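Order of writing sets the chain letters: A, B and C. Residues in each chain are counted from 1.
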Amino acid sequence: MGATEDNRGVGIDVQLCAEIPADNAVFLERNFTKDEQTYCIKSSGPQASFAGRWAAKEAVIKAVSSAATEVVWTKGAGAPLKEIEILRTEGKAPEVIFHGEAKAAVEKAGIKGVKVTISHSGSYAVAMAVAK
Amino acid sequence: MGATEDNRGVGIDVQLCAEIPADNAVFLERNFTKDEQTYCIKSSGPQASFAGRWAAKEAVIKAVSSAATEVVWTKGAGAPLKEIEILRTEGKAPEVIFHGEAKAAVEKAGIKGVKVTISHSGSYAVAMAVAK
Amino acid sequence: MGATEDNRGVGIDVQLCAEIPADNAVFLERNFTKDEQTYCIKSSGPQASFAGRWAAKEAVIKAVSSAATEVVWTKGAGAPLKEIEILRTEGKAPEVIFHGEAKAAVEKAGIKGVKVTISHSGSYAVAMAVAK
């Protein structure tokens, strides 16, 4: 199981949108980059947009853990979400960019690439990621 | 990230079942093949069944975009959902069949295969797809 | 599609937590190992924890079916969920262990490994699995 010739990892996350304090500037500043905040606030539904991005970051953390052979996120729930940036280009899939400690941890774990996908409907956002 | 040696793509979609107008013949005719309509209407819960299939089509569109290096669905939200058919065989995983413009676009993007999975519970349906 | 050089399979499952009879000892005993029951009962939210694990088992069944070329679960909905055990280690991804008939069926299908990921929020749990 999970032999060395294929250590691809998977991560999923579901998030009740209403739980994300999208009008709390301190929370947003701690977890989202300036570009992410701008994108979500301009979107047709900022609350759902922030929730989707939050779910994407959590899914990426799980996918990286699933692909790695050692513990990657030594801070546990304190993993630096802002350092996992989710960028959008019109008509293309979202892209994951790592910064700072997250970037170092992911490189140390030997992760070469991460793909992520996001959706929301009704009261929920979901995201899933694959890392290899 | 997303190096050429592995351009596998992922797509997820969640759908509030109640949002799907399962009793609107024009909507159904525009988005589902005859076989899909027959399958969903005969199912124990047509509304959830149509929502699951809708989510599957959306997940496939995202997975193909995620796997491709160029924009695949040039019509954006007007992508031809009916041309992405989701077929079921008892006891086996659902199968994705592309038709018409969708088939041409997917082939042009160099996609060799797509796998999809669907689930619903309570008020929601979710689906995810992997393309390569 | 799904050519022999890559028969990776995917499975997703969503579960309304309230539908899982987490206080029904017979139900729990039939579907969860002792270790799983201990883990879920000790968790901060046993109902959501059992629902997440249930979703994970269903996602694993689907992923294995999606990866296989033949029907794997000949008992259909009567697949032995207790024989698909989901184990947790702090800070690491959940692990899938097969027992008994499930182990034999998965080996017969040529499955070499399965990865799974779980999440819950609000009233729902979701899980997805990849098999190869």
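The criterion applied here is as follows: a contact is a pair of C-beta atoms (placed from the backbone, for glycine too) under 8 Å apart; a residue touches a chain by one contact, two chains touch by 3 or more.
A quick note: this is a predicted structure, and the numbers were derived from the prediction, not measured.
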>> Quick check on subunit B against subunit C: do more than half of the interface residue numbers occur in both copies, making it same, or fewer, making it different?
In response: different
> What rotation angle, rounded to the nearest 5 degrees, superposes the C-alpha atoms of subunit A onto those of its identical copy subunit C?
Replying inline: 120
> Roughly how many whole angstrom separate the Cα centroids of subunit B and subunit C?
Replying inline: 24
> Counting only residues that touch at least 2 other chains, which ones in subunit B make the list?
Replying inline: 12, 14, 123-124, 126, 128, 130
> Of all residues in subunit C, which touch subunit B in the complex?
Replying inline: 1-3, 6, 8-16, 18-19, 58-59, 62-63, 65-66, 71, 73-74, 76, 123-124, 126, 128, 130
> What residues of subunit C sit close enough to touch subunit A in their complex?
Replying inline: 12, 14, 91-93, 95-96, 112-130, 132
